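Okay, here's the structure, questions in a sec.
Letters A, B, C and D name the chains as they come in the text, with residue numbers starting at 1 for each one.
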Amino acid sequence: MKFRVRVLVRLRPSVYDPQGQAIRKAIAADPRLSAESVRQGKMFDLEVKAGSPSEAKARAEEIASRVLANPVLEDFSVQVLLD
Amino acid sequence: MKFRVRVLVRLRPSVYDPQGQAIRKAIAADPRLSAESVRQGKMFDLEVKAGSPSEAKARAEEIASRVLANPVLEDFSVQVLLD
Amino acid sequence: MRDAATLEAALASGLSTEEFRQIGTLLGRPPNPTELGMFSAMWSEHCSYKSSRRHLARFPTESPRVIEGPGENAGAVDIGHGLAAVFKVESHNHPTFIEPFQGAATGVGGILRDIFTMGARPVALMNSLRFGPLSLPKNRALFTGAVAGIANYGNSMGIPTIGGEVFFEDCYSLNPLVNAFALGIAPADRIFRARAEAPGSPVWCVGSKTGRDGIHGASMASAAFDEEAEAKRPTVQVGDPFLEKLLMEACLELMQGDALIAVQDMGAAGLTCSTSEVASRGGAGVEIDLDHVAQRETGMNAYEIMLSESQERMLLVVRSGREAEVTRIFDKWDLDAAPIGSVSGDGLLRVRHQGQVAAEVPCRALTDDAPAFDRPAARPSWWPSPEVTPADLPEPTDWNAVVRELAGSPELASRRFVYEQYDHMVRSDTVVRPGGDAGVVRIKGKELGIAMTLDGNGRYTARDPRRGGALAVAEACRNLAAVGATPVGATNCLNFGNPERPEIMWEFTEAIAGMTEALEALAVPITGGNVSFYNETEGQNIFPTPVVGVVGVLDDATRRIAQHFAAAGDLLFLAGPEGGDALGASAFLKEHHGRTDGRPPKPDLDAEVRLGAFLRAAGAAGLAASARDLSEGGLAAAAVESLFAPDGSRLGAELQVECAGRLEGTLLGEGPARALLSVRPGDAEALAALAAREGVPLAAVGSVGGDALRIRVNGSRIVSLDLDGLADVFRNSLGRMALA
Amino acid sequence: MARFAVLVFPGTNCEGDVLHAIEAVTGQPAALVWHKEGSLDGFDAAVVPGGFAHGDYLRAGGLARFSPVMEPLIEMAESGRAVVGICNGFQILQEAGLLPGAMLRNVSLSYVCRDVRLRVEANSSPLTCGLAPGTTLRMPVGHAEGNFRADDDVLEALEADEQVIFRYCDDGGEASDAANPNGSRNNIAGVRNARGNVAALMPHPDRAYEEALGGVDGCRLFESLHRFTES
């Protein structure tokens, strides 16, 4: 079976986020908008073959930890999308 | 009150995602990993001042459509994080 | 085959009633909807050049060096040492307006494919950009997005971007221009051509998979913008520079052998254009089966596959029996490559899909039989625009303020913000970096250098298209001469408004006439180019903007002339005719007085020829420590530009001029055929003798040195700007405006 | 004689520059090694050059570690031979765990190509063994993700152990903010591993090895690398 899995990768809270900073500035420049803080991360939607949702999750976690996230800077979370 | 809001920005399904393609190919080289497809998107965690969750959501939607997502290529979804 | 298409469908696709009838005659029956789509794309202005073809025929296109003139994917000229320079410029204006990053990026991708399809390895890029004023946020987003997109694509490909130009005018607010230039090097006797001969040869589609992106791109680029077009907008093409880098390496590797008969990139009108052009150039036909085309999306119909403009794809015509070589090389680079059909002898483009014939059209009907118009041209009533002289203008009182203002103006400020985003050093061959008059790359292991520049001034052309056209060519050649190079060939991109308007056609024909005069006088052949019409949004046309790219050679690249002052104590000379004080359509008028009127300076082509010969001789003899051509902003701008070298070093200068009347013309006039040189004191006499021999007037105008830019007029100092402050204004203003 | 391997990943684009610079500066042979090779036998040192390996998709250098050549490269590093990265090569060595830290996007968020000045901080690496600490050098950078990051404790340890080998500095040799082209912590432009045989920098010595290119300071790094392989 194929499962859709979503992986979110975020910079660890202690890491400076230049892109988030720039976006916060852009938001502040528009008088109609405001945000106290912005942190940018990455999102990956995977299709994974597996026998069960929990197996799909385990496979995606493997991919996330080996590939999608850089452990020096980033954390990740994995969620199987059940539609 | 401050709310944490998560905005996910995805390439519209018809739009080519070279990054996702390249990631899928690279992980195929590792026998322990495999994914049928990969699509990369962006994630933004915002802190927004608002009187209620629904107001926070509306504000974040405004930010997403004006700043975070490129309407020519991307869709977005907004979710207030209640922790 | 499917049902016949209707006239309504034809009209909706941009064809005229007459064209629809003509298609019926060519086919002997009405077209089906897929065929109609193919005609609509191939007969669009963008692909067929129907309004421009007759006029382009006027350009001079021959010289002993020309190997390939207009007609192929790119032009090629012999540069000696058994090598050819292969180059072309192309527009990506409409895609950039829709999505600046991807639009500009895919423009770079497209022009690079044009170069490596010829068997040439790309070694340099340039681009010419026009946007509306940076005071508007939308224009800032377009500008920064387009620059980032160009950077992303060129940098990833590992090809240095070594030159270009950027200008800002109101008329480009809704219609920015992005013209991308690429140059490659090939062995002069191994240029690949896109001609399918030898019936039976397999035809391959290689590179990226085909998706629904960019369907209708060709017709979109052939229509004026309005809100309806905005709604019809096709899926934006997303560039994949990584894939193109692999495609380039694979193609160039394959071209080392002789397994290929022809190569054609897929740009506008995708498979339709590449198959029909390759076949009709070779007098052959092509039969393809769309079931074999690798597809990115499911359920695509024949129409969509034939008209997809997915990027990073190529069509190959392979020698029968050599398929394994293609497979081996494309496997090595992890790229899709599949045979989709073969060359036929019947002259037809026959398209099969899911077991049926989806289209069957004579290749020539799509290409050579496309309509060609002689559209009416009419001179507008305002022409000629009146001259502007200083007498019409309030006199500046504070010249320090004027020079500082101009040095930091959108028109004249350093383009560092742009070119530092471009990798201009990769390949370790860049010997004149951006920021000078022309970029120069050397060829490792040889003394040879190749110089290139891209020039055009829409304001000039708007006020006097003939002069503007000639001045663009003249400036480009002057820029090459300023580094010591000899022009050997030119390409051009003609960005104009709606050709269905007689005054636009007049601008077009006049600009071509002016360009032709200058090209002939300077003995530079055109080897190719591109026309972008319908740069009209909501009824507003852009300034007519011809952009000229000229390529030159330096037989000894170590003898190039430096672009920045070299040493304190050097003497300054102004070379070229006196009386270059024309202010019409000048940068000064625009930036100081907010006016874009007046008549641009009268070209002086004889003087340009003499100046070019003089500068090259001075360079070859090592007599010029530095040189700068005079163009927008005149003498003052040339001096400011010469102060700050790319390595961060800087030298002051003192200009000393005599002036009987008003100063504006002397300091800021834009008369042509002039250059500012710095010279070691011991060489001054020899330089003067050389100038006399070449018939170029030479005037002493000061010296290099000190910690400021100073200007003395008739003995009294009117400008003194310290280098730190001036450096900040000149080098950082554009970035500040862009990121405001 | 020393033999240098110059690795080529799909998307690498400075392999020719590095090859040419090594041969021109050291007079020693160098060879391009395609990423699908499973062996680096016979080479005394390896250089991972700049470019956009796998398009720099996901993260700069992030997808290169799946290439077969990474295994022998890691072995080479473990055996004490010299492994050197330039620009994208630096990022690849970080992603492979051979060098500390990670690169974020430049604070300007833009690619930056221009000359920078570097100060040599330590001569305990294959890139600096022939250079006196305090020496300043000029050469171009060209990158979008060169903003060196590491956690505070890691950074402290790197500094204490003299693993920082280059810092961006101004004309006066000061490691000022203005001289920092990308926002790197502590103006770090180059580092080495603890053992002292793996090193990398973001700037391009391979673009500064002949007067024609506007500078020759890059030669000193290739000379050092040559000297390291002889010792």
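Going forward, a contact is a pair of C-beta atoms (placed from the backbone, for glycine too) under 8 Å apart; a residue touches a chain by one contact, two chains touch by 3 or more.
Quick caveat: nothing in here was measured; it's all calculated off a predicted structure.
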item: Pair sharing more residue contacts (C-beta pairs) when B-C is set against C-D; value: C-D
item: Chain centre separation (subunit C, subunit D; CA means) in Å; value: 35
item: Length of the line joining the C-alpha centres of subunit A and subunit D, rounded to whole Å; value: 30
item: Geometric centre distance via CA averages, subunit C-subunit A, whole Å; value: 40
item: Residues within subunit C bordering two or more other chains; value: 240, 242-243, 334
item: Set of subunit A residues in contact with two or more other chains; value: 67-68
item: Residues within subunit D bordering two or more other chains; value: 54-55, 57-58, 63
item: Pairwise touch network: line, ring, star, complete, or other; value: other
item: Those chain pairs that satisfy the touch definition; value: A-B, A-D, B-C, B-D, C-D
item: Residues on subunit B engaged by subunit A in the complex (per definition of touch); value: 2, 8-10, 20, 23, 26-27, 30, 32-49, 59-60, 62-63, 66-68
item: Parts of subunit B lying in touch with subunit C, wherever the complex brings them together; value: 11, 14-18, 21-22, 25, 70, 72-73
item: Parts of subunit B lying in touch with subunit D, wherever the complex brings them together; value: 18-19, 22-23, 26-27, 29-30, 40
item: In the complex, subunit C residues that touch subunit B; value: 98-99, 102, 208, 211-213, 233, 235-240, 242-243, 296-297, 310, 334
item: Residue ranges of subunit D touching subunit C (in the complex, touch as defined); value: 10-11, 13-14, 16-17, 20-21, 50-52, 54-57, 110-115, 138, 140, 142, 144, 171, 204, 206-207, 209-210, 212-215
